[in-house]
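Look for chain A in each of the two complexes below; its partner is chain B in the first and chain C in the second.
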Partner chain A sequence: MAFLDQLGILAVTPGQIVMWAVGLTLVTLAIRKQYEPLLLLPIGFGVLVANLPLTELMTPEEGLIWRFYHYGVEWEVIPPLIFLGLGAHTDFGPLLSQPRLIFLGAAAQGGVYVTFFAAHAFGFTLQEAAAIGIIGGADGPTTIFLAAQLAPQLLGACAVAAYSYMALVPIIQPPIMRLLTTEQERAIKMKKARKATAREKLVFPVVAAMVIVLLVPASAPLIVMFMLGNLFRESRVVDRLTDTAQNALMNIVTIFLGISVGATMSAASFLRAEVLFIFTLGLVAFAISTASGVLLAKLMNIFTSEKINPLVGAAGVSAVPMAARVAHKVGAEADKKNYLLMFAMGPNLSGVIGTVIAAGIFLSMLQ
Partner chain B sequence: MGRRTDTPTYNCFPVDAAVSIFVNGIIGVFAGIAVLYVTMKVLALTAGRLAAGSPPRSDKN
Partner chain C sequence: MERASDLTQRKAKVDMAEDVVAPLAGKVLSIAVASGDTVEEDDEVLVLEAMKMETVVYAPSDGTVIAIKVAVGDQVEEDDVLATLTD
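This part shows the complex of A and B:
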């Protein structure tokens, strides 16, 4: 009975049914709660279809989604293209006008390294620990980029953890921010900065790409594309390219990235105790990153006369622009007239750069 | 002749390796960011100054 042998329904395993529930939960969260819908929707669907038996969608050399994954993610094509689009969306003005805030983005990488160390102490290999730690950077494409190279077996779990926590920034960060600051500190009004000139914005992506790649060559694929996208934007002579990078290209690669990452989450690879552990460690990484950004801002206030509202330090985790909005919102609770959004965008952008540098350092030491 | 091995050196002393990556990582990130800070300061001193008599530029984006 060859036909019966080909019936998928007879080959379903209990683990696959559980994964259907996981996939449908992600799809539901994306649609009903709008938690990072651009990514979680295709990821959830990818989880669902990859766990339908006998489809061979992820069969090496044959499966359709395997090809997306292999040529898009394993070949390191899609995450840099996402960074091209992010660069084309980014205005470095808030950072250029307040350069000192860039250090808050570095501090927020504290969670990455503390969690890396903790994960390794709990028995993960160095490569796996790096992939888990980078979740604390709250940068989805960087997490995928690093995990695909160092620990592909953890890619799905790390990516879902990263995007889930990015979506949950408004829930995770405020309690930590309130715990580490006083009402008086949250009400600090920062001095309005000068406005960055168009020339500064134009030169910055070129110089920054050179500087970062000269220091951490392994970060080149992400940082080069990020700064190229930004150069498109700031040059103002390639509007078509800017528009394509911001919209059409970004949307296309997001589809392939989402479904590819989701499809890596087979029952065999995902339904393991260590995945739950990865989610826990990822949350710890995120919390420590938030705290270290806030604490560095407080430390800087000891040495500087122009006070920094410590809440903007929490925006040093990437999660652009959600983390900056959260900093603004928590600040507004202390003083409704305190407008922190533009100040928080500086650390927010430096957090992206900091996470890319951290990923580059992991790659150069572990690959 | 020495034996060639594909085993990464770090697997020999994993705790030392983790400490090394931890320390190097944090120093590396701060060093990279510090260099960018200096770069931005230099940019502010050079490209950040408007030419005398030129009107302030406003952003289109």
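This part shows the complex of A and C:
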């Protein structure tokens, strides 16, 4: 009889079976549709195995994946390491050559704040509302970083929502962008920007880290690692470190991040009406962010002679470089010789920084 | 005398030439034309890959391709000359 008690299959609950379906759906989307496969594949598998009964994988102090989660995510180690890799990957040239486009990256955080208030009005606590709002920035590691500290019970759902919407950028954004712009505006060709010099790119990570952390100290873990990775890259004297941050280290932490985030989604925590709210509000946040970027670009055009193509405003959400590609593609539909990619990268990169700052503001006010 | 006029003629030809330049930095993925081909404005000249996205570069005007300056797999910078056309 002891053997029967230990038999997992007899302990399966209906909720767990539903979660198997959720996990397998994510795995399938990752493989078939290649929706953010590097994250959704391990997340989906994590969901599946965390809902196998009697495994104790997520039992505090004992479980294998709990340890990954505890020391990696709760201790705030992995998201900053991901940012180190992102920094090593990022060429801030497009941002430095068109500084005025930074405002678009800031405007595209509009959805984060609007949704924060909306979620709170729907009955979520302020902390939960912040974790939901940040989905609008469409930045996975930042969402995980913030949710782990403010609302760990919602972490799995918020992370999956953020990564899903990142993958769905090419589907969600274009209708909003077309709705808010005329064919003529979409065809605007932007004036070629000057090129940022190597010295500017080298100074940027140091100055940006200092300025941002002095203003919003709570954003430090992400910003500091982001700028350190970028300094590796732009210094050009530590290619080995740049390479490790970009590739080996990034891949290693991605594995632990994916499986742990997936494993937080137990049937008990995920199969609740709130989760549907999170996905809906997250989508609203993302749509408002897209719209506010486009609208600010249109507003700026009233006051400036060098016209901005409003589509690059939509790239102010931080899904890099998906949102910039979408701006480029929608622009090319209006005029096939319109090449917006590099112009869109500016708001796109400042959007990443904007989302981190938004997370830092939430942390300093709500923790 | 003959040589001088030859030179003037060639210079005139170069003046009429138009460069196809890279609109953004990227890798040359494929080339749709060969030297000597006639192209019309907006015809596809080649495809660049930047940020894992394919970007088509079109002919800036009607003309004949007199030179292709890049090969498939080359990394090009923004404003690099990719090909030269002449009327």
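Basically, the second predicted complex is superposed on the first by the 367 of 367 C-alpha atoms of A that agree within 3 Å, B and C clash if a C-alpha of one lies under 4 Å from a C-alpha of the other, contacts with A are read in each partner's own complex, and residues count from 1 in each chain.
As a convention for this text, contacts are C-beta pairs under 8 Å (C-beta built on N, C-alpha and C of every residue); 3 or more make two chains touch, one makes a residue touch a chain.
Just so we're clear, the structure is a prediction, and the values are computed from it rather than from any experiment.
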item: Fit-or-clash call for chain B and chain C when the two complexes are aligned on chain A; value: fit
item: Partner chain(s) touched by A:I102 [first = chain B, second = chain C, both, neither]; value: first
item: First, second, both or neither for A:V203, with chain B first and chain C second; value: first
item: Touching partner for A:K337 - first (chain B), second (chain C), both, neither; value: second
item: Which superposed partner A:V224 touches (first chain B, second chain C, both, neither); value: neither
item: Touching partner for A:R325 - first (chain B), second (chain C), both, neither; value: second
item: Partner chain(s) touched by A:V261 [first = chain B, second = chain C, both, neither]; value: neither
item: Chain B versus chain C as contact partner of A:Y113, first or second or both or neither; value: first
item: Angle at chain A between chain B and chain C, C-alpha centres, nearest 10 degrees; value: 90
item: Lowest C-alpha to C-alpha distance for chain C against chain B (Å); value: 9
item: On chain A, the residue positions that both chain B and chain C contact, one per complex; value: 195
item: Parts of chain C lying in touch with chain A, wherever the complex brings them together; value: 23-25, 42, 50-53, 55-56, 58, 78
item: Residues of chain A that touch chain B when the two form their complex; value: 91, 93, 95-96, 99-100, 102-103, 105-106, 109-110, 112-113, 116-117, 120-121, 126, 129-130, 194-200, 202-204, 207-208, 211-212, 215-216, 233, 236, 350, 353-354, 357-358, 361-362, 365-366
item: Residues of chain B touching chain A in the complex; value: 8, 10-11, 14, 17-22, 24-26, 28-37, 39-41, 43-44, 47-50, 56-57, 59-61
item: Complex contact set, residues of chain A against chain C; value: 195, 321, 324-325, 328-329, 336-337, 339, 341-342, 345
